[in-house]
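Sharing a structure below in structure tokens format, with a few things to ask.
The letters A, B, C and D name the chains in turn, as written, and every chain counts its residues from 1.
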Amino acid sequence: MQEAMIKRAKELLADGTVNRVMGWKKGEFVYDTTPAVFETAEELEKEFVCNDFTQANLSKYLIKESRKEGKILAFLKPCDTYSFNQLLKEHRIIRENVYVIGIPGGPKLDMEKIKAKGISGILDVKNENFTLKIETLYGTETMPFYEAVSGKCADCKSKKHVVYDELIGEDGDVLASRRFDMVEKLENMTSQERYDFWRGELSKCIRCNACRNVCPACTCENCVFDNPKSGIDQKAAADSFEENMFHIIRAFHVAGRCTDCGECSRVCPQNIPLHLLNRKFIKDINSLYGEYQAGADTTSKCPLTDYDTDDCEPSIVHERGVE
Amino acid sequence: MQVNENFEPVIVAFCCNWCSYAGADLSGTNRLNYPTNVKIIRVPCSCRVNPIFILRAFQRGADGVIICGCHPGDCHYTSGNYFTRRRITLLYSMLDFLGIERNRTRLEWVSAAEGAKFAAVMNQFTEDVRKLGPNRRLEDLRCRKQ
Amino acid sequence: MFRISAEKLNDLFDRIASKQTLYIPVDREDKAAEYKKYESGMTLSSALNTVRSAKDFFFPQTENLAEFRLSGKTIEVKDIRSEHEDFVIFGVRACDARSFGILDSVFLSEPVDTFYKNRRDHGTIVTMACTRPEETCFCTTFGINPTMPGGDVSVFPDGTGYSFLANTEKGKEFMAEISDMLEEGNPAQLAKVQENTRNILKRLPLANLKTDSFGGERLMKHFSSEKWAELSESCIGCGTCTFVCPTCQCYDIRDFDTGNGIKRFRCWDSCMYSDFTKMAHGNSRNSQLERFRQRFMHKLVYHPSNHEGEFGCVGCGRCLSKCPISMNIVKVMKALEDK
Amino acid sequence: MNNDTLIPLVGVVTDVRQDTPDVKTFRVNALEGGKVFEHKPGQCAMLSIPGVGEAMFSITSSPTNKEYMEFSIKKCGCLTNWLHAMDVGQQITIRGPYGNYFPVETELKGKDLLFIAGGIGLAPLRSVINYVRDNRANYGEVQIVYGSRSKDDLVDYQEIIDEWMADPNIQVNLTIDNPQEGWDGHVGFVPNYVKELAPSTNKTVLVCGPPIMIKFTLAGLKELGFTETQVYTTMELRMKCGVGKCGRCNIGNKYVCKDGPVFRFDELDALPDEY
């Protein structure tokens, strides 16, 4: 796969279709790949990488990159194409300046899941027939591939590319995923249990803003939490209320626009399952206002900027009963 | 659940200028009683109520938040309250998801002619919140009155 | 040197906790480690390090500085400081132990930060020697010896127990309190463990990283390097690296209106944030390149230049494993070093 | 427990003077009278209204003034708007003094001095000018070049006329950017005026004003034959905590709030171009 991508990128650079390539760059280890822009064939040859750990969603970078001189080639996984499409719809990316090559998605691996197995000092990871062979400082370890699959890939919603100029590999289909299972499980808990669950999770938050800054739906020029005039700007959560506030408002602000790419949970240094908040909104929207997948197209109206005169009343929340 | 009968909840009511705010007025001129716990904040349309407002009300000591707007179809700005309805439904559902007691939040449609309804809604809501006791799950400890 | 067997470790914790507050690293549900206030029955984490560093104990993410009451034209300032209670942090690794020295050089230099000093005076640091370093470790680059972790008391695990060594007066007092629970050490067994660790340290993938190319005298060269553009291009400007870093100490001072007074608090801030240097005159670091450069220049050049060559990094590897886009100080050093 | 510099003291505003349409000068005393603290010429203090904001201002009164401190403040943001709206008797919190100061007792002693200021840039220099006037025997010739957008924007105009210009031992040159009715003095930008005046190159220069003015003035001075070791400036704008710990104001490895705000230009030249 990586070779095919490098080959095609070099061709497109050579024939002048594009002047830059957006992809991932090798790091110190097998897993620390960094999104990067490549300008020459030599750079591609030397540093370009696409492996089991190239998880980062490149779509958000294209906001800035598509405003630069010339055209850029971007390799997008299926989930990334949804983000890309959503950004197109919001007029954040200049489509003419991006050449999209769809590449097959994951499942990608999450190093934290490997480390959570107690495997440390990792030097290399190889996938041999869905068994990971892991070279470490302390000898070779093995573990099943699927136990190391990252959270965002385990709940994959679609292997279909919703936008591309060309494809490398086959296009897939929208999957019948079980991504709402955890949301449902929480919904079935008592209010107190849910409260305890979220307090436990959100109290880990260090307000590093990684979830916000990586989110392809969070593209405000000046975030309300950075704006002193908003009256709610905060640098750190000085009280548990501010932890709740930040995550509720952030999830609400991307509701209807969140494509469920899972980047927020991936980057969280404290492993807070932030995607559950977004999925709750998606699930509610689907069940109350009809199935909707943000980023699936560039024309439909976002459910929160739309309405139906027959919409349900907010009292349906209260009809769930009093506890 | 232990109910403290002496607990006086703080209720924040966001009222649309064109209907429920006038409805509150009407209930007053008709000498209908509604609890003094209710603090009314007038907004140009129920649609003006940003989710941040609701959370801020809880942060600064509200035990319950109610939004009152024009009946669907009657919005002064044609469609504002339809947007409110979607937005607030999702927000309340999210607060519920985070374990905030459902009965601390409410939305009611009250027209300018429904003074009696306004008083009844406020009485009912205040009682519901009184039963829940003070807001502890979504408060800012720094703002708690000593 | 005195020793306690592994089975008795929790008895020791119970003893310490009965006298003062004790914090130990424990495993969370997601297998990441964090410092928790010790309660009977907790198990010491086997993880190499905690996600959040131990700096939190002396320089917490938020802390109140003062309170104000305003009425009419008068302002009343309330000093809310009080003597901090004594506490013990157990299981600090060598890298974090060194970071306290770096924080000291900032907070204890004139004018002394009394909030920090108060905590520092009341904290006893019990360090833990490393036996299983991770691939992300590079503390040896900064002259740290993870088999001799320092602190007030050093603890050396040998597989079946832990040996204790007091390094300071405070450490000796701590040892005196627990001496009856300790038995004679086994230097031979310990030496073997240390030898083993030293061999692993030599094999670490980052073992050859050197600081020779950095320091105050390289200020202009590194500042004007062309590499910064490439290094910073994919930085998303979050504060993850800063907040997990044991030596990052930049802060912001803010006021919060509680409705019945003003609380002035200090909280962590990150030089990676776009509004970090937004002051009365505008913003002196407008691009992510400048902000990114500031962070690494501070650690590798400015800090050594102002503090007798001591670098502002301890090689704990947290930023390596936590950066959302895997850009980190090691990559920066490798890009900038003299070839 | 020792005092902490981050916990402010309370001062009271005892006089407010409208200097220009957007600059007011505030006189601050300690609650029990007298000064809140002593300072050196060129140092700064952190003023704050809790809940509104906290910002660094240069102390514009001279240390030789033993009764009060003064701050000339231009209205430009949240806190300064608030300060401009307050009346006499209002209390404010104050902490400091912060930063280094003009070396009036060492390097500047016995020298001929040339002060160049633009607009509100007079504020930090006024402290030095008045200090020099009160210790006149210690210094040689003193010349002041001060310019502003218009006559109305000249800060401390009354004091300049009444005291500085009346002082035979000081040469004062005023200029405004554009011609104006009722103004018979010089018209033109400060850097150009300095070149026209062609001061003797054995003077030591203290310059403060908008960055663009400083830039062109420095270029002009170099043309006249001045060297960078003769020119001082101050840059208190960037400060936040005042104690060299919060990590904002550094230019290279120098912290403006501890190593500055007063810098000699050759010191600035040794630092990266980040100001």
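As a convention for this text, a residue touches a chain if its C-beta (ideal position, glycine included) is under 8 Å from a C-beta of that chain, and two chains touch if they have at least 3 such contacts.
A quick note: this is a predicted structure, and the numbers were derived from the prediction, not measured.
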(message) Going by C-alpha centres, which chain would you call the most central?
(response) C
(message) Centroid of subunit A to centroid of subunit B, CA atoms only: how many Å?
(response) 36
(request) Could you put a whole-Å number on the gap between the CA centroids of subunit A and subunit C? (result) 30
(request) Averaged over CA atoms, how far is the centre of subunit C from the centre of subunit D? Could you give it in whole Å? (result) 40
(request) Could you tell me the distance, in whole angstrom, between the mean C-alpha positions of subunit A and subunit D? (result) 52
(request) For subunit C, write out the residues touching at least two other chains, lowest number first. (result) 252, 256, 269
(request) Mark out which residues of subunit A touch at least two other chains, giving numbers and ranges. (result) 238
(message) Where in subunit B do residues touch two or more of the other chains?
(response) 140, 142
(request) Identify every two-chain combination in which the chains touch. (result) A-B, A-C, B-C, C-D
(request) Would you tell me which residues of subunit C are touching subunit D in their complex? (result) 65-66, 68, 70, 73-77, 79, 81, 83, 106-107, 109, 111-115, 118, 216, 219-220, 223-224, 249-253, 255, 257, 262, 264, 266, 269, 271, 276-277, 279-281, 284-285, 290, 294, 297-298, 301-302, 305-306
(message) Going by the contact rule set out above, which residues of subunit D touch subunit C in the complex?
(response) 1-10, 49-56, 76-77, 86-87, 89-93, 237-241, 243-250, 252-253, 272, 274-275
(message) Considering only the defined contacts, which subunit B positions touch subunit C in the complex?
(response) 60-61, 140, 142-143, 145-146
(request) Quick one: which bits of subunit A touch subunit B in the complex? Just the residue numbers, please. (result) 183, 186-187, 191-199, 224, 230-232, 238-242, 244-245, 248-249, 251-252, 255, 277, 280-281, 284-285, 288-289, 303-309, 311-318, 320-323
(request) Enumerate the contact residues on subunit A facing subunit C in the complex. (result) 27-29, 31-37, 56, 60-61, 111-112, 115-116, 118, 120-123, 136-138, 204, 206-210, 212-214, 226, 235-238, 266-267, 269-271
